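Input: a single structure, listed below in structure tokens.
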């Protein structure tokens, strides 16, 4: 089985490394070929253009956004046109539910298999094969490739036959993270303005009912007010929240918390702050409350 | 040291039991004397009225709300008037920040010591001495009584010299729980309407980033739609959220998530549903989205 | 018929003047007696304390808030205790619905008649007898006094037998004004950031669909950014909005716009800005959007 | 000067009639040619396809949405490709700000003049030439065509050199209408649940501070609960609100009221109610409050 990979960003390069090591061979393409350097040294094959990935049996893609997917997969003369019938496209990108549905339909029209496999985790988890994976698409196809998926992920959930269901789950997860940030931010602004030390408060929270990684990680960023440099930049969070709202619109699901989060991201954006972690939305409550030092 | 206790509801009776067992003696008062029965059998002394608790050195109170505190502690001829100078009142009730501040002031005027010690946990945790305790008030006084506090709580955080700071932290914690319920409810409505099984979804959430007790406990209630009978009734949750907003008003802290939660509780209340768990606010998103079966 | 009046603030003094001129006699009481000076010169009788208003047949009150009403009307030895059976108390103050209901009940217990008559209009309208009046209470009693009411108001609506219904209508009107301010503020921030001149925009609005006094008056304040000095100070608007939310809580009516307005007032208050017109909530959108010059 | 018109819907046919009568000649195109019948009887020339409008000097378009504009104006071989240099395209459609900006750029690239001229008013106002017009684009061009514009509108505002500024103003106006509906709906739910008759309440509102057409027209729909058949259907309102939020996103303007309105439209849509007037969002508060009869 010939394996290909497109999209060697911070996440993709780690994932590709794991696949190369585990599977032995891997064809790699990146818009900026420099990013492929280390993988080529490790034995990966250089693929000159998206269409050339059509020679592979299973192609993973990990791209930045809907636009990149349209340009390198759906555009005339790219992956969709070159992939052989029966070949599999595994899309790991965080893209819109509607685009995932469109990919599913277009690949099916070409007799190709399309799976959505969005991931949870940061670049270090990607490099260590410790991502969490959510799979959508034909169940048998997912099972057939599961050993490959296990090279990049520590755990895997299949959530439904329609590939876009996995994207919906991915986006909902990012919504839940953002909502946790905002909720902790409001609570922290409240107690801090009431005189409570916010690090002591976080210690209390994370040793009682709020012990999840999402509480530890983002609670610390908020208590430290450590939102620079960005681990995950606010504009990316805003983009994902926009995709959540887009999906909610398509499905007619009122989500008032999502509406509040949107306002937070817009206020951040209005101040022109792009190089800031998305956790910064959690400092807006303190800012509006005129908590000292914000 | 003579120990007294007032308020033998579901939480209070468990806490009083622990104090009686650990300390050896305990005077107990409850408005409805029947509730004291089991404690008296175990050797507690019956106290006939709130004022009679004035003979004790340390009096714990665990009452339903601000009104009960006013009637049994602040009203003329009750605890405040009878407690001796130097005696300690440890208030465990979930009450308003402003009332806690008033208690602090009034007790100080009488030369008495006032500590706020609100608790986190359900009745079973109270009975097992496994509550989480947040203490506010004079630090030395808290330290002096810490061994008593350890009889009812598995862990203790002192958050500041002003007793009401502990109440603020308690209320903020309930806000965070409610916000978690709402956020999970919105996410679950979204993915379910998109075809994803909500139990599978919860399994994914609670094994990745959302592993806290608050996620497990309330996520299960939501996925099971098991909001009857009420573990913690919606009107109580609404009352606490009201206290959060009251504190936020006093401190001038805008909390938009709290505003959304308020609307949820009002919609529940408008349907006349009182015997329902406060987790039901997390089903409102599914209701508004017309998710099947709600 | 002997007429009395309590509360000679900016609104009350104008109303009292109209009553004095129209009716010929008027007993007046004000906490600060200096405020009564001009009325006494015009022939009003000085009333030394609230209880002394008990000698009058019809007593109008126009007080600042719930607290003032409690202190001068409900407190032991004040108006409630002195008013004769069959005498009428006409309450024009903007107070809570629950206090109005309590007044109704207490006056009824004393065999007195209680009417709520909240007013719409600014001090100049009060002085000119051009207020809008909303009446609640016994219909026959309202009709009997209508000629008096016409001395202070250009128009009158009776909205129900329960006096507090008039207070509810009054508060709802203030909510609608605040909501109009916020809506225009958001729209203005949007178009101004898009390059449109905000005065030209207001001209367009107020000559098409948005021609009401509320649009003209508050639109001009927003376009001019003329929120100092305060015509109606933000803390008073915040108080009234709080009374709206309190009524909505009692009646179980979710009002999400009211929730947003609350956040606006809190953000204003957090900046410590008290001497600012409540129209300033309508500049918050521009502030959050980082519109130039805000 | 040869005049053309595309888009003979309920609004467009009235506007085209006015232009035909006032100017004497008019070429008309509609996707469904039947709609052109009456205009042809009155002397209009039938235009067989969008590209054939390229023979005209000034072409008005009044189309349903962005998609229709893309298909008949921007698509290869349609109006953009056929219009002569110096000819004018006057776009009256309610479209996105971004599409208006794109039209401006594309027309400029072809040496054509592009003006945005969105309109306010219902079909009867269109037929009577009583619309309100907002113009964006080159000021001299607007002035040159003003006598034509006066055939369809009773008043005209030029809001800026960039055509899309007019679209922004148009969308902001629809936002303000929707916000007025929601605000009145919340207020009406509140007072009605408090026992006040909603028609009496509306009478009070519309004779005091809330006298604008937007209050009269939508207040009556709400008080009568007369949301069927749709005058302006909820899905169209939802679309416009979406365009407002899209513009607010592009310009980074937080608009919390718009966020609330979005939730309202989604709740309506979730119930599958498409043939309902957008005023129905104003009944959601009463529905959530369980006001009788909703």
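Read from first to last, the chains carry the letters A, B, C and D; within each, the first residue is number 1.
Convention: a contact is a pair of C-beta atoms (placed from the backbone, for glycine too) under 8 Å apart; a residue touches a chain by one contact, two chains touch by 3 or more.
As the structure is a prediction and not an experimental result, all values here were calculated from the model.
**Student:** Does A-C or A-D have the larger number of C-beta pairs in contact?
**Tutor:** So, comparing the two chain pairs, more contacts are at A-D.
**Student:** Of the pairs A-B, A-D or B-D, which one shares over half of its contact pairs with B-C?
**Tutor:** Answer for B-C: the repeating interface is A-D.
**Student:** Could you tell me the distance, in whole angstrom, between the mean C-alpha positions of chain C and chain D?
**Tutor:** 38
**Student:** Could you work out how far the Cα centre of chain A sits from that of chain C, in whole Å?
**Tutor:** The answer is 53 Å.
**Student:** How many angstrom lie between the CA centroids of chain A and chain D, rounded to a whole number?
**Tutor:** Centres of chain A and chain D (C-alpha means) sit 38 Å apart.
**Student:** Among all residues of chain A, which ones touch two or more of the remaining chains?
**Tutor:** Within chain A, residues 248, 252-256, 260, 263, 266-267, 270, 288-290 contact more than one other chain.
**Student:** List the residues on chain D that touch chain A in their complex, please.
**Tutor:** Chain D reaches chain A through residues 242, 248-249, 252-256, 259-260, 262-264, 266-267, 269-270.
**Student:** If we count contacts the way the header does, which residues on chain C are in touch with chain A in the complex?
**Tutor:** 256, 263, 266-267, 270-272, 288-290
**Student:** What does chain D use to touch chain C in their complex?
**Tutor:** Touch residues, chain D against chain C: 97, 120, 132, 134, 155, 157, 159-160, 162, 164-165, 168-169, 172-173, 175-177, 179-180, 182-184, 186-187, 189-191, 193-197, 200-201, 203-205, 207-215, 244, 247-248, 251-258, 260, 263, 285, 288-290.
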